[in-house]
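Got some structures for you, see below.
In the two assemblies presented below, chain A is common to both, partnered first by chain B and then by chain C.
Presenting the complex of A and B:
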């Protein structure tokens, strides 16, 4: 009996190991479920439809930005200007919408301009990091200041309202279903397509080793630039969400999101060194940060302690993720 | 028909000429072997052809037409592919993805065509059916594979380029017999298809099994090309050695200690990662040399004796007392000293003064908790002076010294409290000639004072000139011991290049 059960157990064990290897976001998923349960425990209404809608509305932007950051981190790079791109796109689209009159067509035009802006910012980053070979961490820090400067030039102070056509749609419902759910579904489809692209695979290969990728005959510079370009486009999408959520233009709105996006990627199980990770994990990571923030609020933490507790909770989540992952893979 | 022709190709790294005026013809449908000792220029030559190294001068002709190779991508577009000795695989990607990495099949322009990707990979995996071993599949992740399986993936990846000129740079080093046999069958098929293979290997039996012609390189120069059918191993080794085969006569100037002298270190059946069943004795006053090709276990044995990588089994006696090399702190306290050739990573403490670079071993062995600068200086100065180290002052940063003097500081560290055994792991890497001479004179002096010394040197001349006895490593074990007049370059090469 014991003879027979031992291999069976080891097979289960290796199946578990394989699952964790193939889906590195599993530890994050477990943490997310625990946080959801805790949220429901302390505030049952937080898991109602309106509660979840509100959470997604607030954190969809961070989810997009975490995905943006993931593509850069895939290749072993980093983008510290992601938040600044969000700010820039935010003020650009508000300015364009207002200038064109604020109707549906002007919103569409503004979104197109916004995507182009994000793409341009990403290409600038790719140029300085991949083509000019400056250190990613410092170079994108510099471009973040540059992008923030542009945003401040376009709109020196916060508070220009976005046209109602835009934020009413974002916060509203279509066929009784909140708009953000459509956004999430579209987002998911986009990611499923992107996972299958050559760029995604090549970014991961570059992250596994630039020298090896180069020797294999991959166009490493172009691939890294592609990662930054994709990051810029997703940062623009994040900006759309934040504009819909805040209903106004703010030249500094994205700045503090940058490091949250990096944290979300790591929480999601991706390796900062590159070569290993998933975009789904980063989305879950962003949601973990969202649930931690709301949980800290629901348990009634005094406002002056909220930051401290948030920080500790994120640290705990990171540790738990590492521990669960290590256990399962061992 | 000549497929590929190199005309006067040269490449220098600083003052060292890695390749000078190389001329080479590769015919269509032949396996052309490149032979040469460590650092003779084989890899530089193949990297130039594959585009990852740019030559300083010379011309490359493909099918009679001069071509310019600007990088690996451009080499590939000319139909030239290379198997990289150090592998070029993405560790977190699957076997199938790695095989087609540079040429991913696509659908709708941007998506990866998974079916074609797997079909194509399957074609190359099938070539090795039955010899790939457990756990090998199209969707296996590279980092989960064994060394030989990874090497097979790199071979498949190279084959998948379907290039007309393929370079295999030590493609068989991790493979077992069955895998090598299968690989050679595939090479014969490629030959029949009229493709040209440049084959680099250190295994003499393989060269005679698969090669058509062999070109010997020595010190960056092409020595000659022979038809394999018209030559023999002895002739090839003679060509690699050259005419300057001075027997290891130099150490004879002093009297090598004989059997009566007590042993400083005795090792029995030491086994660990990268070496097995290593047994030898170092007598007091003796310099024992470790020789052979790079990475045959020499460094691993030294590091195991030092406690940096624990051995799995074996017995070590230091000065007649058993030694358990659990970690470097233990072995240091028992009187083992280890000097690595990789100064930057394992020797100097960068950014710190010379004094701090000399003292740490003394602090450890003396169990000192407080360091008094004057007392420390009093101990550091004699050790540095004994080595004739040139330095401006103990307070100057270590980086102000030349490479040779930095290495002297690292050695001085071990001399404040006399160690019983000094392990030298390729200690003169990147040091200029005069500093080398200085260092070896010093090492001989330490030996004469009764220390047991083990010297691994990747430069064969250093070994032949300085070691009293040489143990030749091959494939992780000791193949031959060379003593007295046997210490010739010829014998050294012969033992090193024998089939492992």
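Presenting the complex of A and C:
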């Protein structure tokens, strides 16, 4: 508290603050690294190529869904139907692939139909929340019931197998490198492109202050609808991953993922109120959930205690993320 | 029009009628009457006395959960409690194990469940106020913890049974031919109306819900009030869990999950906006009943589960249009 040290300290502090402002996902990244080290400590093989491949294979779907949720949360909205969209797209693409014979071309056609389905669902959400101005939490819950109904109509019970051409590719290797790594690279390029588009910035502007955004001439309703549309498309991509991972259609497969996607966004340092956040953070958040789940397994927690320990760890990580993020910004 | 125009007031009758009809409670009651008529038309006997009693019992379970949800939402600052479903399930299991089918175990079960609900509510409240975690995040995390706890307690085996006394309280006529749970719901409705309308605590809830800063300046202990709201939400969910045990006889996996989002919808249908600060519990009671009747009609008509869900989702959206929509943007 001497006069001499005060300026130096404030300078240090502002450097840290600038780093956090530029990279809001830094706290999440630190948590992720700690979790990876702990995973390696308790189970060295978990950090081997096959270990990491397995983890990505399982959690790539959640990473996509967390990113989907992020675009909606950017604008201060929320999408509780994200998991239902995953389920719907899952059964749609399995049905289309099976109907068209299950070869490479039918897979391509199915993926196109899947993207269109996700986009349509996103537009429906955008319509009820942004255009009809219903409250996002309850309105997207209502659409989630509708989407689940559609999924059940297409496939009433779980278990229709996906064509082998699809899941063999997802779980296989191209030039000795696991396919999921290509998927991750493509995912990253897609996000880099999207970060540079106007829509990302405009969603953040709307989330920062809807009224101000409107007064400065932004088409707020169209922007919010754009966020939901983007969310629908990314939910469809998440559905592709989950179909590759589970190799079957299940009308309820995504239901449990909705709340995890929200948790991943918060873990990644984005503000639920909107106007502040990064998609990279959300991907890290999804991986944090994955590493927590595997760590709880690797330390030898008795099976009936695993859910509780996972729940506690995720709650603590959420709280830590919110607290550290706020301190860094303050 | 000529002879009915009131001379004493400047507002025309049509406007006053429109204003009256736009009150959320009136909207809900009109919709309830319409749905009952529709149900009776689709399947004669739907609106018989016995059926309505059954609908009321199911609505009471949802309504009791929604009482706590309502309080948290009224308190504002994005107040919401996603952990209620977990508390309902946990409470049902604890009650079933503490009473183990014996009437003598009821007092202990009630005490244990309410203490548990209050404890989790306290955790939520502390996280939201002292640590300033957004309620959605805090209660979502708590839901994960509760679901994990359920697995530990259950150990994979369904355990615990309702005592005959509790089962009768929920489903058999208790006084004037009305089951005890409905008396309980009415009592909760009266207590809530008194609490929100006539007590300092109630006024403070509206104060922090509509303008927290102003309430703080006026000397309202904002944090203490908000913690109390979350504690009450946990207690109401715990009470609902005990009643649910009496309704279903035994507690099975995650019975409470079905109440998480419907409790929020009941509050919205009752005229309390998610932004808080205005509304009340009487409307929420009507909202819970509305939701239960709607679901019951969908079970009555002969369509697939898939069609039922689609119709339910669309109907919820249409009904939401009757309630306050967000303001349109103005330059």
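Basically, the second predicted complex is superposed on the first by the 312 of 330 C-alpha atoms of A that agree within 3 Å, B and C clash if a C-alpha of one lies under 4 Å from a C-alpha of the other, contacts with A are read in each partner's own complex, and residues count from 1 in each chain.
Note that a residue touches a chain if its C-beta (ideal position, glycine included) is under 8 Å from a C-beta of that chain, and two chains touch if they have at least 3 such contacts.
Just so you know, these numbers come straight off a predicted model, no measurement behind them.
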- Item | Room on chain A for both chain B and chain C (clash or fit) | clash
- Message: If we overlay the two complexes on their shared chain A, which of chain B and chain C does A:215 touch? Say first, second, both or neither.
- Response: both
- Check the residue A:21 against both partner chains and state whether it touches chain B (first), chain C (second), both, or neither. first
- Message: According to the stated criteria, A:148 is in contact with first (chain B), second (chain C), both, or neither; which is it?
- Response: second
- Message: Just to be sure I read the superposition right, which of the two partners does A:199 touch: chain B = first, chain C = second, or both, or neither?
- Response: first
- Message: For A:310 in the superposed arrangement: first (chain B), second (chain C), both or neither?
- Response: second
- Query: If you count the residues of chain A that each partner touches, which comes out higher, chain B or chain C?
  - Reply: C
- After superposition on the shared chain, which partner residues are touched by A:275: those of chain B (first), chain C (second), both, or neither? first
- Item | First (chain B), second (chain C), both or neither touched by A:266 | second
- Message: Per the contact definition in the header, classify A:322: touching chain B only (first), chain C only (second), both, or neither.
- Response: second
- After superposing the two complexes, find the one stretch in chain B that runs into chain C, choosing from 73-81, 343-351 or 433-441. 343-351
- Item | Touching both chain C and chain B, counted on chain A across the two superposed complexes | 211, 214-215
- Along chain C, where are the residues that touch chain A in the complex? 78, 80, 82, 127, 131-134, 136-138, 140-149, 151-152, 155-156, 261, 264-265, 268, 273-274, 304-314, 316-317, 320-321, 325-331
- Residue positions on chain A within touch of chain B in the complex are 21, 193, 196-199, 201-202, 204-205, 208-209, 211-219, 275-276
- Can you check the complex and tell me which residues of chain A touch chain C? 78, 80, 128, 132-135, 137-139, 141-153, 156, 210-211, 214-215, 220-221, 259, 262-263, 266, 272-273, 304-312, 314-315, 318-319, 322-323, 326
- Item | chain B to chain A touching residues, read off their complex | 50, 52, 71-73, 75-76, 82, 84, 87-93, 97, 101-104, 106, 110-112, 114, 141, 144, 157
